[in-house]
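In what follows, a single structure is set out as structure tokens and then discussed.
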Amino acid sequence: MSTIAPCADPESNPRVKAVFDDIRATRQTDFINNMWRYLAFDPDLLEQTWRDVKRIMATPSALDPLTKELLYIAVSVANGCGYCVHSHTASARAKGMSPQQHAELMSIVSLAARTNHLATALQVPVDPVFDRG
Amino acid sequence: MSTIAPCADPESNPRVKAVFDDIRATRQTDFINNMWRYLAFDPDLLEQTWRDVKRIMATPSALDPLTKELLYIAVSVANGCGYCVHSHTASARAKGMSPQQHAELMSIVSLAARTNHLATALQVPVDPVFDRG
Amino acid sequence: MSTIAPCADPESNPRVKAVFDDIRATRQTDFINNMWRYLAFDPDLLEQTWRDVKRIMATPSALDPLTKELLYIAVSVANGCGYCVHSHTASARAKGMSPQQHAELMSIVSLAARTNHLATALQVPVDPVFDRG
Amino acid sequence: MSTIAPCADPESNPRVKAVFDDIRATRQTDFINNMWRYLAFDPDLLEQTWRDVKRIMATPSALDPLTKELLYIAVSVANGCGYCVHSHTASARAKGMSPQQHAELMSIVSLAARTNHLATALQVPVDPVFDRG
Amino acid sequence: MSTIAPCADPESNPRVKAVFDDIRATRQTDFINNMWRYLAFDPDLLEQTWRDVKRIMATPSALDPLTKELLYIAVSVANGCGYCVHSHTASARAKGMSPQQHAELMSIVSLAARTNHLATALQVPVDPVFDRG
Amino acid sequence: MSTIAPCADPESNPRVKAVFDDIRATRQTDFINNMWRYLAFDPDLLEQTWRDVKRIMATPSALDPLTKELLYIAVSVANGCGYCVHSHTASARAKGMSPQQHAELMSIVSLAARTNHLATALQVPVDPVFDRG
């Protein structure tokens, strides 16, 4: 079930092929997951999305690669995106997430959801000491 | 603005005082932030919430303390909880989050939100290879 | 802070006055809360919203009035609507919500949020026995 | 998978039949999509929902029909409703949405999600000039 | 589709077996639904989740058992958790929810969502009289 | 209240000044709203966010400028972002949104939220005819 029809031969479009080639090279795999195959219906959207995913997720930076995947999963769970939860859980495993770390991620995500709802239900005022702005 | 009236002297209740004492001892500070002051309207709720926050966030485990705070912020942003975003950003800073790490957290959270919405809008089918269950 | 300017004298519009009169008669109070004052910028929107709020919330039905308010709070918390959390917590108190019931509502809402996030994070398949359709 | 059992012969109920007839006449098609078939378990709910969908979406007004469908999709994506994303994407196509407009809708929805999360993460204060109320 | 592989024989782990036994005894049924089977990948997470679900949902308290299930459904709908909507709708039926009450729950949940979005869109200021804090 | 301290003199940083200059030139105004002032704490984040906002929102395209702002508001309401609701409502007014169009936007956003919650509550199966993928 999808709202668009993925192209039968997306790489016949040279812009799509260039992105797919870069995904394969960056990730060192021949596998192109559905997210990219479906985004390929619009080469602009595909290029811009991949450019930022690559820059933010696949470039060495101040946070290590596994932490970045865990953060991605956390946001995706809270936003209720089943596709992203699946794909980034797979990525986190590929980057070394242990079952214990996975269970701990579950604990933190569900704890945060719980206190998010409590703070919203009580409409707790922000302590002045937390204000930086 | 809040939906409950915080107690003027919450520590006159010995169960509340015990929790507040444990918060001060665990965090090595005299500061009790509003979340706990407001939850104190119901000692059961206060005790159970603190018990789990302490166990999950303040006990050495498979994820380091800063990573746990970053995850907490990520979920709180996606759930739109202003109070929790404020309090856990302060905690993350106290645990060493650099401005560069903060900016990177912003990049990842907003990138995930973006692709979450794209995957939902396209209703991208989950790749069979991601299925573990 | 609001995105529209509330009318200085909303009841100079007879359609607005008719709705405000019905709110006062239905609720047995002279108080018109801001939600209605702001919706009054468009009499159609005001009439249609009040018509359904009155029909669903202020008409005897299969659920008692307090239960309906608790449900309203629960949805409003999960949707992060501070205004509605405030106004319906006040309504629930006016309809007899005890502090113990309020605390229990907090427990249930935060427990549901917690397991909602767990089920989404694990992408737990729905048991066939739950399917009715 | 559904939480209710759709009626085998919903149009044996004259109130359901009247709504279905009006849907067919309004939309100029014999097709009744599942949303209405499932809502038919409660004729009140069916009538009230259709009455408002018809009034808001199928009556000439200040916004053109395609814009209304695009807005419906945008909200449905942000609320994570797969059913509504599917049904309103189909409606938008039927009302002339081009692939280019679809791609642009994706760009705007995902951009808004991205800056929504940034503004929430930074807790940016609203500029006084934006306040109307 | 799931992000973890459920254990083939979860009750070979005595901690999992103890929880499953308590679920069966508490609910007076042999049926263990998938939520618990999947959480069993981590006995800590399983024990802590069940402990709180049992305490809050299966212990006599200030709210009756059916009201608690209705609240659980309301939050789960707003959070977009299909699994929890399915499982708690089944529980509500088992606890006596009538079709009329189910339809009324639908009316209240969708009405609250509607006014939640209106209040957020208009950014209606909270009336001072609603403030307790 | 904010989680970061905005720079006292952001334009002393040439990269920030370049973005602010481009915002002023693109929008034909001297006003820089808080979103950009706060994002300026990290020039990378500022540049990348503005680059995409400019490309998507301020470049002639398949959707007219007012429709784009209405879509932005719709997503921001559903995501509960008060800042973005305020700023894009102001932008929509500047681009010609009439009070009637504003009221209609409110009707559509709240109608979509209502049926989103109904479809999720009933877990309505997607009609096969809607599937394109």
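Just so it is clear, A, B, C, D, E and F label the chains in written order, and each chain counts residues from 1 on its own.
FYI, a residue touches a chain if its C-beta (ideal position, glycine included) is under 8 Å from a C-beta of that chain, and two chains touch if they have at least 3 such contacts.
None of the values given here were measured: they were computed from a predicted structure.
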Interface residue overlap between copies subunit B and subunit D, same or different (over half shared)
same
Name the chain whose C-alpha centroid is farthest from the C-alpha centroid of subunit F.
E
Listed chain pair D-F, B-D or B-F that repeats interface A-C [over half of contact pairs the same by residue number]:
B-D
Averaging over Cα atoms per chain, report the distance between subunit A and subunit E in Å.
27
As a quick test, compute the distance in whole Å between the mean CA positions of subunit E and subunit F.
34
Multi-partner residues in subunit E (2 or more other chains touched) are 1-4, 38, 45, 48-49, 52, 75, 77-82, 85-86, 89-90, 100, 105-107, 109-111, 113-118, 120-126, 130-131, 133
Residues of subunit B touching subunit C in the complex
1, 3-4, 41-42, 44-45, 48-49, 75, 79-81, 133
Give every residue of subunit C touching subunit E within the complex, in rising order.
1-4, 31, 33-35, 38-39, 45, 49, 52-53, 56-57, 61-63, 67-68, 70-72, 74-84, 86-87, 89-90, 98, 100-101, 104-105, 107-109, 111-127, 129-131
Sort out for me which residues of subunit D touch subunit C in the complex.
1-6, 38, 48, 52, 126, 130-133
Along subunit B, where are the residues that touch subunit F in the complex?
80, 82, 85-86, 89-90, 99-100, 102-103, 106-107, 110, 117, 123-125
For a test of understanding, state which residues of subunit D touch subunit B in their complex under the given definition.
73, 77-78, 80, 82, 85-86, 105-106, 109-111, 113-118, 120-123
